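First chain A sits with chain B, and in the next complex the same chain sits with chain C.
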Partner chain A sequence: MRMHDSNASDTLHESFLSFAGFRYLKLALALCLVCVMTYICARPPASGGTWLGYSLGTIGALLIAWLALLGVRKRSYHATLGTVKGWASAHVYLGLSLVVVATLHCGFHFGWNVHTLAYALMIAVVASGIYGIVAYGRLPAQITGNRAGGTLEAWIEELDDIAERSLKVADQIGPDVHQVLIRSAERVRIGGSLRDQLFGPRMTKAVDRQYEQLRQQLATTLRSKTGRFTSIQMQWQTLSPTEKKPRRVTVNVPDAQSTVMFMADQLSGMDQDARDAEHIRSLLDLLARRHDLVTRINRDIRLHALMQIWLYVHVPLTFALLAALIVHIVSVFLYR
Partner chain B sequence: MAARFKIAVIGSGPSGLSAAAHAAELGLSHILLEAQSHLSNTLYRYQKGKHVMAEPGVLPLRSPMSFAAGKREQILDTWQEEVARHGVNVCHNAEVVGLTGEKGAFTLNLADGGTVEAEYVVLCIGLQGNLRKMGCPGEDASFVQYQLDDPDEYQNEHIVVIGAGDAAIENALALCDHNTVTIVNRREEFDKAKAANNAAILKAIQDGRVRCVYNAGVGSVSKQPGRNPPGVLTLNTATGEARIPCHRVIARLGATPPRKFVESCGIHFPSEDPTSLPAVSATYESNVPGLYIIGALAGFPLIKQAMNQGYEVIEFIEGRKAEPADEPLLRRKLGGLPGFVDVDQALEVIRSRVPVLAPLTRLQLREFLLDSELRAPSPGEVIFQRNDYTDSFYSIVAGTVDVQIDPDDPSRILSLGGGEFFGEMSLISGRRRSATVRAGGQCVLIETPRRSMSKLIHSVAAVKRVVDEAFLRRAIQSNIAPDVPIEALSEVVGTASLLAFKAGDSLFNEGDTGDGIHLIRRGSVTVSRTIGGREVVLAYVPAGQYVGEMALISDLPRTATARAAVAVETIRLEPAPFKALLARFPVVRNHIQEQFRTRVASNFDAQQQSAERSGIIGFMMAQGLGEATDVLLIDESLCIRCDQCEKACATTHGGVSRLDREAGPTFQNLHVPTSCRHCEHPHCMKDCPPDAIKRLPGGEVSISDACIGCGNCERNCPYGVIHMGVEDNSQPSLWRWMLFGGREPGSAPPKKGKDSIKKATKCDMCKSLPGGPSCVRACPTGAAMRLSPEAFLHASQRR
Partner chain C sequence: MKILLRTWTWQSGGERSSQDRVVEVERLRIGRGTDQDLELADVKISHSHARIVRSGRNVLLVCKPGATALVNSEPARERKLRSGDVIEIGRYRLTISAGAAGADLMIEIEETVTARDEKAARQAKLRTSLDQVLFSRRRISWLLFLLVLLSTLALPAWFRFGAPPAVKAMTSAWPGDRLWMPGSSSPSHAYFKNDCGKCHQQAFVPVRNEACLECHKDVKHHVDDERWAALPAFAQSRCEDCHQEHSSQIALIDKRNFACTDCHANPGARFPGSMLEAISDFSRHHPAFRPRVARYKAATRQFDWIEVSQENPQELYEQTNLKYSHEVHLSPKGVKSPNGLKTMKCADCHEVDSSGISFKPVDMERHCASCHRLDFDPENPSRVVPHGNPAQAVQSIRDYYARAALTGGVKAPDAPAVVQLRRKPGEQLEREQARAALTWADRQSRVVIDEIFDKRICSYCHTVQRTRDPDLPWEILPVNLQERALAHTQFSHDAHKQEKCESCHAARTSKKSDDVLLPDLKRCRDCHGDADSDAKIRSGCTLCHGYHIAQDRLMADSRSGSAAATVSGAKP
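Let's look at the complex of A and B:
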């Protein structure tokens, strides 16, 4: 094979929606137009049982079968029949045209029967597909923006690290602050239930609130820090880790020896108060960074979930649709 | 009184062992001097359990020592046992540090002060060099090591890694999951390392997974008996002395290349180039009579070759004319030559017919021909097409070839005759073929792969000169003055100079007075102007084109800055003879003016574009696009993170994805995942012992099955895209998965045992598939694209 020729590249960078100059949009529109025109002209007016009804129904059923095959094509990585991008493009536009084809097929006859069930399922699949297109169009850029160059793995590692570091700093301020931190040093949950993914884990929010309290208290202390250091009084409620252990990346945290000593040595020149202020300030920085990370992680998870959730509707409903359709077709032949 | 031997063999690698064993077999008085306490240090240092491969398969083995593909341990054990059986006189811990004397009376000085005398010396110390030590008290303490075989061996230790290169960084990162790791850097940056390693270590330090001490030198290493951890390292830092208690010190300070030592023995290297190796005669004798060089140091980087030479060199010293083990291969290869009698005669014929090969020694010529292919294409057969990406070099032994110089007019043909050569353009520039070449009548060609030719260019100055000159002449002729007779160019060619620039250097700056036109010989250049105090990139100029013509035509100062995007070589043509040429040939003037006009127009366009585009170009150049021929990009505003691309890649390549979608930097929604860029001058090819990395006509840089799994390419690729992996071609069935579940197509295959043979894997543009790269074809939204830099810049212009 030969690599791209430079003039072919003009068409290389385009979204699946504009694939090949909207070829499949045009095709779908043409299909709808033909169907509508024949429907208007047909005598007797089409419904399932007429010749036009049969034709439209057949077209619709074939379309549905083909649309469902996208799941197969997607996973046939060596297939040379078009690209997945081309398939997706055709899938979207022809999938939408199905609404017209099927509606005309049944001649607007609806009832409480398996036929209309198939129709309703089809509409649900199409609707979820439309949501998918909107999600695909808007969410990717938001994810990139939220990532700001970072990765989830690195964030989680950093969080663990911040937890350890804040403990160490807290150690230097006073045992009570340390206690407070230890009790609240919960991890961010990754994944979790669907609800958690979409709306953010409840637990983290509680922890966040506590961090926020701590932050405010520290800030007050820092401001009032003119005389001797008074230990911080803190009301703190423990969180019971009821939920199952979250997935997390383990990190090792260096012991307090050696290199860290440099810093300690340098600080030893200052007086006690200045050092306390220094510690509080760095603890505040750590908490701020932590807050930022937690927010980003939750948003990242939420955006990813929003981008994928609809497929969990789209695909099972496809199978239901296929089943209902088979029943519909069999039944019209058997009972008519 | 020093011990005296007929033959001293220095170094117990495969070549040295084989030589010493043959000497022992013949009952010659000999000694094998080895710096280490074990045999064959290079193999000893392979990673545990490495599968050693016996390439090239066609070459027969001739040595008293046995060798077949197998496990490192097994091979080392067998050799140990065979050395004892042959009664080889091995002297361990005997590093040779000096060599004096002459044939019949050499004196070797050992590091421990001892001396050895010998009539003949066989030097086979390989290319690995000696590991640099810390050079401080305690550098040999029991908990100090200079390499790391298996990072998983250590748990819960405090380990100090010393060094700032790739090896140190990789070790620190590999250890830090289960140990407390401190890395000690003599300077302030890790910028000597690959970009990926640099970023990874800075991140690890920022995240606190690795501690780092900057600007620190090692003072001493000492034990603290009875304490835990048992050792302590003292550092000299800017703020004074620091003590780091630790369990282990791993110093990765690189190796001293053997060149200095070899030169001190009186051996010449043909050029300053670090890849250059000493030239040896057909009997492996160096320029110092009685001193022989074999193995990797003589330019033979594979074990089997090295062992054969060990046998042969002893035969040569004994005055016998051993038929080299590769003689039958050469005979087969050269048999097709018209009037073939024997190999020696054929070598003479080739040498006399092809002037560019005349300066080669016999051994070099043999080696050259072994790597090459003799071709006798029928008249009219296409040898290569314009725009092919092949990079081999052709010498014409007999007959003619026709070079089609004008792609639009097939009748315009330049004929090259016997003794000439072609194909040097792509070899040097790393770009597509600039013309189609067809065979003429009775054509006999030698086709030489890129690596052998590059090796030759770096080791024989005369070859380099001839090839460079031809390149210069032809480049000027085809790019600037297509219709000018060669004679008229002699003035321009004669005064042209070859210049080299590092990435980021400027060829010339805006406002400079014009000092000539630069024809880019390799690499690529960005053209920029300062607009509103900011440098705005206007254009990207690849190898084969020129920059700086504006100043020549208009006599104005430079209107823009040209900056090397990667390492660049240019040919600068002096203004005076060039202007004379323009005056004499209005066609040339028109040609240049035409180019000038289109450039002004496109620069104007580019200037209209926002600074955003300039930012993107800057970003892409920093990602190595300046030397790429084809790069995978992901438009993150379209990417739905489905990882279809990775799954497709894994399915195509035995379950191991060769691309990492999420890794890699992003700039304004443009993401450069970790995947091969198919560089113009692939760094990965630099040091591949079996020459398994090739560029195919379509441009794909691909690794063949000849890979021996040495990992050199993984280290040499600056973009971190090569991984050593085990592929598994079992494919899960799609229908079975849909109906019964189990392994989904595209998911990772079950983990392999430790014993499986690891080979280098990287993107080959799915050359085995009819439809092209599967990642791009599997992407449902069109986010993934593979582009050349030109196409990319074009696309970004329209955005």
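Let's look at the complex of A and C:
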């Protein structure tokens, strides 16, 4: 107990897996050990119909019912019976121990029947739960890293803002560039279907290619207007860190700077070519920022989808399992 | 060209109001720029996007290079305009109509959606989380719950208990109550074709023994005594206690000991006064064998059979009324025979019978006679007495010597001359001569009969007794040829034929026919152990013993509801 008390101050930071000094891991291991030993020593060996079979079955059914209650407990913010973290910890470890209890309960007898259906559903629920543990352990850090202080809503706002600004700049270069940019903006994909959210939007490569073409086209125009090839090359390099790994943009092109340049251009009395060149640079800045944002947004959506997708298996299959469990119990007593 | 521009705007109350402006221009410039005649504030519209110009009597819409507009929902770069045409540029809709109040043309301008609304709509259309693209977890959960409940419980239950016959006929499409089968039924019940109702006749009621006994009519009970059968341990027992259907075993019989040792581990607990020995397992707690052995009762000239435990060596002998030594017959040097020494093996005399359990009886003619000859006259070794019938044997000896005496030519120095003298054929004996010859024959027969019965032939193997009957002066006591020694099991010799006989039976050292050569439990335990042991052969009770062993009483008999009797002290 003293050990638990000394850990109490760390409770806020510890994972639900190591909750209260692995209290529920120990409990689950003890449960498994007792069940396995009893099974080995039992006369007659366990199957559904023996005293041990009934005992293991009762433990298993109560466990399933209790584990299913986690969903209720999570929604009940006023509950005082234990913390949500404690419940999650117990849910994970006792849920895993259920595999042992249920397997011993059935005495390794399987068939094409409702009893094995219940068992298979239980295994599927536990398997999806294991995915959930892994996802909760790994993805939040990736999400935080990808967000870098931003939020999805702010990014989408910024994306709209960039679209508006880039259209204005493009219009000043010429109606053809303006038209190309309108089409380019239409091709940007954010999220989408289940598949798009889980694996990234389709056509990402095609969009990347078109973005690249547009950029080269603009750079060529810029070259022709300024002739300052070397400095353009340098700007190119700052603009193109996404070529190899388009989904992991890390360089953040300073957006404020391009805006200042754009405003300065508007006010200055430079000649047409020089003004166009400044507009193109602004546009290149905006496009790079847009590309970075789109990549981050889609990555954020993808990580969140990976975080949540297992619940779409775990919860419905739990309900199917509860139904199969009811049928299992009723049918066993119906045909005794 | 004089154009009336009517701009519609939406008021906060949901009403719209218009503002008219008349411009007189050569061509109407449309675009986002502040220098345009018709300024449309939408970033998707070019600074200078399109123009409306007059061309003769027509009015044309001409878009700038790279810019497009929709006219009546069709993309257009250059289009002749008619009254009623609708031009869509960006968020704006321009409706063309004939001029009024002196204008050549009227254009009604309307912003179809505000910039803010358009942005909100665009953002609302984004699908950035799974709950926007997937089913509701709650709904699909309840759907699955009901689906499983309906398809595997409600529907099968309806098919089984409530559906009209017409519906039942269609149930082959869905497995129905077969879904509840915990395992396939045993091959012997495959005959039911998964008709669960054959055995499970009532819901929530365990399978009744009557269901089994409908077919298994002739199955014997465990005990014969009605008072025993009426005890709850038997009257309330269920077939299912031992015969487990739908388990993974191929046969229905539970080969493990639990059902037997429930009672036999401590028979006194459930059956007070029981004289049964406690047996909790084979390897340590199985009583010694109690072979049935024979005791000869001279008064009745019959054998009585008693059971004697192998732990009681004084009593462990068997009376056979035969004189026989296995040791002599199985001597590795061989046993004396008319043809010299003969090495014998067990199978020369003991042949397994067709059941494979026991042996054919040893037969004198087949197994003994080739050595143990029954000739009685050294002068004529081909003459033998018949075996198995002492009266005939005596008569045949008397006949033999009477004929020899009357025929003459007998080479016996103590015989009268008439017997020694060889006669010619057809020669008649005198009365005195014949009497002398027959007197010798009678005397000679008595000598030979005594010798054969008491000394030389019969008594060699049999126990013989002198009688007071001059016609049959000797009798041979009845013989006991061993039957099965163990009453409560059927030991299969056939199943053990891989073993040599002497590896279990100590025949090579057995000097007397009284010896009981049944091996003891220790020898069985060399190979056999409990079902859960690591013995060479894991054996449950049922390997050697049966349950349905009553002589007359059937399992069905005890179902007739005989009153339970007090059976304290009764023995099954």
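Just so it is clear, the second predicted complex is superposed on the first by the 266 of 336 C-alpha atoms of A that agree within 3 Å, B and C clash if a C-alpha of one lies under 4 Å from a C-alpha of the other, contacts with A are read in each partner's own complex, and residues count from 1 in each chain.
Just so it is clear, contacts are C-beta pairs under 8 Å (C-beta built on N, C-alpha and C of every residue); 3 or more make two chains touch, one makes a residue touch a chain.
A quick note: this is a predicted structure, and the numbers were derived from the prediction, not measured.
Of the two partner chains placed by the overlay, only chain C lies in contact with A:V315; chain B stays clear of it. By the touch criterion stated above, A:K26 is placed in contact with neither chain B nor chain C.
In the superposition on chain A, A:L117 makes contact with chain C only, not with chain B. Judged by the touch definition given at the top, the superposed model places A:H304 against both chain B and chain C. Of the two partner chains placed by the overlay, only chain C lies in contact with A:S331; chain B stays clear of it. Residue overlap on chain A between its contacts with chain B in one complex and with chain C in the other: 164, 304.
Across the interface of their complex, chain A is touched by residues 32, 43-44, 46-49, 64-68, 119, 122-123, 126-135, 137, 140-149, 152-153, 157, 177-184, 196, 200, 203-207, 244, 247-248, 256, 258 of chain C.
Residues of chain A that touch chain B in their complex: 1-4, 6, 9-10, 12-16, 19, 71-72, 74-78, 80, 83-85, 87-88, 136, 139-141, 143-144, 147, 149, 151, 154, 157-158, 161, 164-165, 250-255, 257-262, 265-266, 304, 307.
Within the complex formed with chain A, the chain B residues making contact are 158, 176-180, 182, 203, 206-209, 211-213, 237, 239, 242-245, 389, 629-630, 635-641, 644, 647-648, 651-652, 662-663, 665-666, 669, 671, 697-700, 734, 737-738, 744-746, 765, 767, 769-772, 774, 776-783, 785-788, 790-791, 794-795. Against chain C, the residues of chain A that register as touching in their complex are 43-44, 47-49, 109, 111, 113-115, 117, 152, 156, 160, 163-164, 167-168, 171-172, 174-176, 178-179, 182, 190-194, 197, 297, 301, 304-305, 308-309, 311-312, 315-320, 322-324, 326-327, 330-336.
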